[in-house]
Structure formats: structure tokens, C-alpha cells
Amino acid sequence: MSGRHTEEHIHTVEGTDPHLFVEVHEPAEGTDTGLRPVLLLHGFSSSTKLNWGDTGWISTLKSAGRRVITVDLPGHGQSSSPEDLDSYSPSRIRADLLQIVADAGARPVRAGDPASGLDVIGYSLGSRLAWEFGATQPELVHRLVLGGPNKEDPLASFDLAAAQRYLADGTPIEDESTAGLLKMAQLLPSNDLFALLSLIEAIKGEPFDPAEAVPHMPMLLVAGDKDERAVTMPELASIAARAGGMVEQLLVPGRNHSNAVTSRVFKDAAVAFLGV
Amino acid sequence: MAEISFPLPDLGEGLIEATVLDWLVSPGDQVERNQPLVELETSKSALELPSPQAGKVIRIHGAPGETINVGEPLVVFEVPDNTAGIVGTVPQDDAPKRRVRLSAVLDED
Amino acid sequence: MSESTTAILEAAAATETQSVKLSMQQALNRALDEILSNDPKTVVFGEDCGQLGGVFRITDGLQAKHGGSRVFDTPLAESGILGMSVGLAMAGFHPIPEVQFDGFAYPAINQIVCQIARMNYRSRGTLPMPITLRVPSFGGIRAPEHHGESLEALFAHVPGLKVVSPSDPHDAYHLLKYAASRPDPVIFMEPKSRYWQKGDVGTSDGGTLTGARVVRPGRHLTLVAWGAMVARCLQVAELAAEDGIDVEVLDLRWLKPIDAEALATSVGKTRRAVVVHEAPLTSGLGAEVAQLITQSCFDTLKAPVERVTGFDVPYPSGDLEDEYIPNIDRILLGIQRVLEYRRG
Amino acid sequence: MDSLLPVVAAADAAPLSPGQLRELYSLMAAVRYLDTSAVAWQRQGIIPGYAPELGQEAAQVGSAYALDTARDFAFPTYREMGVARTMGVDMVAYMSTHKATWHGGMYDPVASRLAPIQAVVAGSVLHAVGWAHGQTLSGEDGVALSYFGDGASSQGDVHEAMNFAAVMKAPVVFFIQNNGWAISVPTERQVAGGSVAARAAGYGIPGIQVDGNDVVAVHEATRNAFAHCRAGNGPVVVEAMTYRRGPHSTADDPGRYRSLDDERIDAGTDPLERLRERLLAEGVADEAFLTAAHQAARAEEEAIRAGIEALGPRPGNEMFDFVFQETTPALENQATRWREESEHV
């Protein structure tokens, strides 16, 4: 894996270091566009490697001359799994992200300076975090690309008690969404289930309300046309549009929530949308 | 020219098959090592498979939506079978060129 | 081994044909494969010989087929590779080490000259050294320094070593198998500029594997050569035929022991000889060959034996390679000098 | 002396028995007597030259005593007479190398498990690695014991050997007799990094230093190293700190590079004397045993000297006979020519 490993950075947020695994990937040699860095935020039960590395996103962005910042969410990938619930809350994660991108060199948008600001690409849960990050950091975030987005976080309706019963004694889970998400989490032996359940619990404490804080920067919403988790994408788009932002939507033909992410159509659209 | 078949590799964590989402190359394309070849989906994730080597693609296996088992042929490359080692070039046997002519009277004793 | 090579070999086996068309690369690869299959004491190793299959792919696929304990990579240290070969031979193995390029035999000279060549002697025959040292040799591929050298005279001068160099895929296949089956150390010099040209390899019968081989019969003059120079001499012979001169080409093959009888027979018939080699002139094997011919054919020789060779300069860079390696015109001029010679 | 070896290596080895301690003394006495006699032989014109190992008896006997000639193999240089004697090599056949009878000596290296005598001092270190790797490939449990000195440790082949052995986890004991001198150059101007054993760390293998004048300590260290190798843990470096009490060879004059006072101070206690005092103090042996050991050593030396004196030159045809397993026409011709022109029958 190329990239500079910045785990030695020592800035703490709220007095604690969340030990998130951060990498900065420099543009492919000779391609540097001089544009602002791109922050990638992966989905639930995924990781930088699965969501962005194996799918070709990092190499695509690097080849497009972009500097890329990746971070594994707490309890995911190579990040540690903190024991305290607070480390998993979306608000705390947003604070950590702010510190990480600042350490990686992102600076507030300045008119006429293409190197200033930060573009953010999220997928699924990462899109929710990106939406909120954009809404709360209007001076920093330049543009957003949200993949597989949903106006309500499916994790908020996750039946935590049923999941814990299932894990304890195998009692079947009635709620289909909960059962599906848990199955997805269990498929990867490397996943830390305790950490993932902590994340869900923390998210339930701070459910997604897109209307509460709406990002005003231009955004591109992308989902597979078979993505059942993103059927509310048009509603999200209209929330953003009502708030005055420029919103584009793209449906990837034939793709669903789990396989839209590799799509060339998605990547090409994102690179073009952010390449200004 | 030699053909080198690249079978579907083990994509990790005990997966035995993958479904083709989309091919990013076509037969006849010259690809570089690490260039994305194909989008695949497994039961766990979707991914882009980079080319293990440089060469010309001559066959691809599996239309979008089809499933391929680990170990089955995925793509066949054509590579020159006379590449030099780590240094140097492969010499060509050109038609012999001469300036000198033999002019001798052989005394056959 | 590439898929196409395998296919060719399988097709050949299926139809029981007596010969297959292979490059020298493929022929050597196949010979090593068979040696490993037939002799459980054989081990093949060197820098990048395992996983990569050697920089010239001579050991391609052998590790996968025969396992990492029989075909393996070593650290980058030629003296270590050859010294280890001595110990393996002492333990009853039949090592086939590779020195990646001829110029890197120099760091191993101590082990080759002081140990491999002498252990049988030192131990009064109780510790034979059945080691076949493969050395990609000679120039012709525009390689950097130390990647093209002609060390045959150096090796041939060392008591206890045998030296052989094949000139085509057929001989490469059979001579390698033969060398590996012998109890003495053999320096196996592979003409790297000939690795890629294909030729018929008769798989059932290698013919006589000791001594020299007449690759083109002729009446008027003998061209003596080995390794990559054999192909060039064959081209020269065809051109000479256009001028009415019938040239015999003798591929010496074994540079130690040299087949003095074959020299005597050939030159006894043609009465004229030119010896061609890439190595520098002075104290090159051409001198040895000329002496052997003079010894046996002095009375009937029509002219002194001519030598067309490289010069007494370090092997030059690729751009000057064609100036250094005997070319067609220089060989023709050598022939002309012999033809023009008149006594007294 | 510090050791990085796992304790497990020595756990199942009993301490040396009184009988073994007495045997070590007998061996050292025989070696001492033969060594000093060989210097005299040279003065008397019986042999043209000799490389004494006076003072290194404990290092040589103690280490070779740990070797199992049924499965192990030793790789000497040219100063390992004590090793040969301990391994039970025919000493007339061994000493014949110093008679200039045959380079590698007349003994059978395969049967005796001692490689031919070797003048390129680091050359055989790589052979030990190759032989040891052969044990791994054959699934056998033999260990190679490679002898060399502080001088040889400067050779590149020693580095290549240690690196190869470490990479391949070859069962080799690199046994260094650091006798303080590489002919005229003292260790401090020969060995950088403090010691040869210290280099082992760079290869990730255990390196131990041992008092090379204490035969029991040498033996235990070597025995532990063998156990470490045999257990599949890869190579070990053992550096026995000793002192070359004599000259480099019978042609060498140490007075040109060290004084008698230096020798007295640096050599420490004579290893044979040390063992003698220990045996007496522990009641393992009495004066009668010691006297008998010295008498046996003298008798042995006399028999070996008689054998050496009786040893005529080898027939000249052997020059040709052992070059190859399969001779060549050219060599046959030369042998014929030699017979016709030079053989005095």
C-alpha cells in the first residue's frame, strides 16, 4: 500500500486519541492537479481497504491527480476499537475527522485557490457522516459526493436487543434489516462485532436528521438503480436543493447498494464533479 | 507468442466464487500491470481486480452477471515468449549482410 | 514454463514425434525439469531461480512443480552459492547452481577454482563434485557491464573443471542432461544471445554427447567455433559457398576436454582452419585449438591457423558490441587470409 | 560469559562424568604431546612444516568431543589437529598433510566425518552451510561443525556463510577459535565490532563467547549449540577465546610482533594445567592417572612419528588419477608422457 502513514500524529480531540488509522495517498507521479485533497468515508462494516482500495477508488483518484485522505472509522479496518461508547458517536467522529484533515493539510476554502478546501466522498454510512461534516464545516468543505445515501440511517432502526440475543443464544432476529446488517457484519471475520454494535448504539443516540443541518456546497448523489437502501435519495436531494445548494443525482444502471461502489460510471462522475 | 491464463484468484476469507459486474477491458486491449481488468462482486463486497501482468488480452471469461469459481480461467493474455531477461535485448536473426567477397584460387593438390 | 511450451510438449508426447521445436530457453527448462524428475538428489538454485524462474526464465515453473526445497532462491552472493554447492555435493546431492550472469562468476572464483575444481583431488576421489554450474554466457544482447563475458579460457585453464557450451536447442537439451549426469564439475556456458531462437530438439536420441560435432560438412576450410559463434559461422559458410568455397563448420561444444581427434579429422581433410571466438585473442582458446591442429596436421596444413576473435579489451558496451564480436566480414577476411597464403 | 541460547538446549544433557573428564584430559595430553613433537619433527627434518595449535587444546578437544561421528560432520582449516584426534581420525593419515604427502591428508573424509584439510581458511565455512542444508533437505538431523579463526572471520565467505545459514536455518555450529592472532596481526586489528560472536546478532542467530581455555566450558557450549541446531532452530556462533601460544607455523618468528612478556601475560593459564588442577581438586583423577596419560601420549606420538617416517611419497600417477572421476584424453596423454619421460621405476 502506498501512502504516508500518519498514525504517529499526536493531536488529541477532547483529550483522547481515538487511534484511527489514517493514510494520505499522494497523486500518481506526474499527474498532480494541485486541487484540494479528497477525504473518503467508508460505510458500516466496511473499511478503507474494502470500500475504497479494492474497489479501485484510491487508484482512480490518484491517477486523476488527486491527493486522497483515507481513514478507517472506529472499530473498522485497522483502526482500534475504543471501549467507550462516546468514541463511536457521529459527533465525536466528525470532530476526529476535522483534526485528521487539518493534520493532513486541508485548509478552509479561499476564493480563487483550487488547493484550498476539502472534497468529501462518502458511501452509505460514510455519506451520512459526509452530509453532516459538510453541513457543520461549510468553510472547509468544497464539494460532496454521496454514494448510496439514505435520508434515514438504517442503523438507527437496528434492533440492538434482538442482535445481542441472537449473538448470545441464537434467537432468530425478526427485523429483516437488522438481520441483514448483522449478517453483513459477520461475513468478515476481521470485524470486531463489539465495536460495530457500539457504533450502532452510538448512532441510535444521534439519529440522522438531514433537515436539521443541511450542507450548502454543491453535491452529487449517486446510487444504483436497484439500491433499496437508497430509495430516499431524491428526498435528500430536494432537502439540499431547498436549502439552496446545487444538487446533481445519478442512478447507476443495474447496480445495488453493495455493488454500485465499483462502478466506473460512479467513479467517472465523481472525478468530473470534483475536478473543478 | 505465448498465452498465459489468469484464473480467478482467491479473493480472501474463503470465498469460492465471484460474479462479474463489468469488464473494464476487451479482447485485443493491451493492458499494463495493475491496470483494472474487471469489476467483480463476491458475497462480501464488490471489487475491482487489477491485472497481474502486462500483456494483450485475448480472451475474457464471464459476461456481466455470470458467476466464476475461484481457479477457473478469468482472462487469457498473450505475451511475447522471447522477452529478454532483466537486461539487454533479444537479438534478431537478420539476413546475413556482407561486404567481403572471397576471391581465391584453390590449388587442389 | 509457459502454457504454449507445455502445449507443444504435450502434443509432441501424444503423437510420439521424435522431435519438437523449442527455443534454447525452453529446451534447457525442459532438460532441468526432466533431471529433477529423474534424479531425486538434484537441487537447482541461484539468485531469482525459484519464484521468478530465473532472469532468463530457464528455471520457470520448476519450483512450482518440484517444490521449494529442490528449486530455490539464494541470497545474492555468488561465492555463497558455489560454496554451498560444494557442501551439498559432499552431502550426496547433485547441485545445479546458476550464476545469473557470466560477469558475476568472478566473485565466486575462489569457490570455483580452489574448491569445486579441487575437492575431488584434495580428498583423493572420496568427495566427488557432481556440480553443473549454469552460466548464461557471451555477449550479443546489448547488456550492461559484467552481463556479457567470455570466460571459457579462464575455466578451461583450471585443472579439475570441465567446460561445455551448446550452440543450439538440441544440444542444449542433451548436453545439460548429460553434464548433470556426470560425477565431475561442469561449467555449462549458455550462449545467452541464442536463448530465443527455436530449433528442432530430438527428444529420443541426443546422438554423441562427448566431443565436437560437424554441423556443416565442407571440403576447403574448417571453421572452428562454439556457443553463439556457431550460428554466425554457419551464415559465413553459406556466403562462402556463393563464392565457391566449401566451408566445414565444427562446433567444438566441449571446451575442456577439447576434442583433438575431431580437429585432426576435420582439418586433416580440409587442410585449412580458422578458429572463431568472442573472447579476447591473447591466451584465448583459439591458441589452444591452433596448437592442437598444428600438432596433428602440420604436414598437410596449407596455411597457419587463423584466429578471428574479440580484442584484448574489456568486453565493450552494447553500442560497440558489433565492433567487438567477430562479424561476418571479419570471419570472411580470416578465411581469405588462409586461402591466399602461399608457402615461401 | 553470556549466552543467548535457549536453556532448553542443555536441559537434557547430564554434566560430564568423571570418566569423560579423564578422557578429555587424555585427549588433550595426546594432542599437546603430538603438537609439540610435530614442531620438533620439523626441526629434525621429518616434516617440512607444521602449524602448531599449542594453547588451543581445550577449544579443539572440548568442541569436537560434542560431535557425533555417526551423523555430524566437521569442516576444518589446517590448524585442527586436536579436532581430528578427538574424532578418532587416523593420525598418521592426518599428519601426512604436514609431511607434504597429499594436500588434504591421507585420511578418508567420508568415513572419518572430517572434511579435507583446507588452506583457504574461510572456504570450508560455506561448505559446512551447504552440507548442513543438505541435512535439512534430506530430513536428517546431522549438524555441521565449522572451524575457523579470528583471522578467517575477516573473509567475505564467512559473512556469506552466516547469512546463508541464517536465511536457510541450516544446522551449523560456527566454531571460532579466537586465538588472538592472525599470523602477526592481533585480534583488535582484525575483528571489528568487539568480537566475532557479536556479529551473530546481525544475522539474527545466537552468538556466544566461551572461555576457550576451559575444556568443560567449551564442551558444554558446543553441546548446547548442537542441541539448538538439532532441534531445528538454525545456526549458532560459538567463539572460544583462547591463545595461540606458539608461532603461526614452524616458519614463523613471533618475536617480530610480540614479546615473551606479552605472551606470558596474554596467554593466561595453560588449558591442560587448568584441567589437571581441576581433576585433582575434584578427586576425579590422581597423579598415577595423569602420569599414565602422559606415558600413553608419548607412546602414541612415537607410533605416529614412526608411521610418518615410513610414509613414502605417493606414486606420481596419483597426480593425474584424482583430478576427475572421469579422466580426459588430454590428461591421459599427459600422464602417459610423464610416465615415459619422468617416472623413475
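Chains here go by letter, A, B, C and D, matching the order in which they are written, and residues are numbered from 1 within each.
One rule holds for everything that comes next: contacts are C-beta pairs under 8 Å (C-beta built on N, C-alpha and C of every residue); 3 or more make two chains touch, one makes a residue touch a chain.
Because the structure is predicted, anything quoted here is derived from the model rather than measured.
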| message | Counting C-beta pairs in contact, which two chains come out on top? | response | C-D
| task | Give, as an integer number of Å, the spacing between the C-alpha centres of subunit C and subunit B. | result | 31
| query | Distance from the CA centroid of subunit A to that of subunit D, rounded to the nearest Å? | reply | 69
| task | Between subunit B and subunit D, tell me the centre distance in angstrom, where each centre is the average of that chain's C-alpha atoms. | result | 56
| remark: So, in whole Å, the Cα centroid of subunit C is separated from that of subunit D by 40
| task | Can you identify all of the chain pairs that touch? | result | A-B, B-C, C-D
| field | Interface residues, subunit D side, partner subunit C - complex | value | 73, 75, 102-104, 106, 108-110, 115-117, 120, 123, 125-138, 144, 156-157, 160-161, 163-164, 167, 318, 321-326, 328-331
| remark: subunit B contacts subunit C in the complex at 1-5, 79, 81-82, 84-91, 93, 96-104, 106
| request: Would you mind writing out the residues of subunit A in touch with subunit B in their complex? | output: 46, 50, 54-56, 59, 187-190, 254-255, 258-264
| message | Which stretch or stretches of subunit C touch subunit B in the complex? | response | 2-5, 23, 54-57, 101, 136, 140-144, 147-148, 192-193, 196-197, 220, 231, 235-236, 238-240, 243-245, 318, 328-329, 332-333, 335-336, 339-340
| subunit A partner contacts - residues on subunit B that touch it in the complex | 13, 21-22, 24, 34, 36, 39-41, 43-48, 50, 64
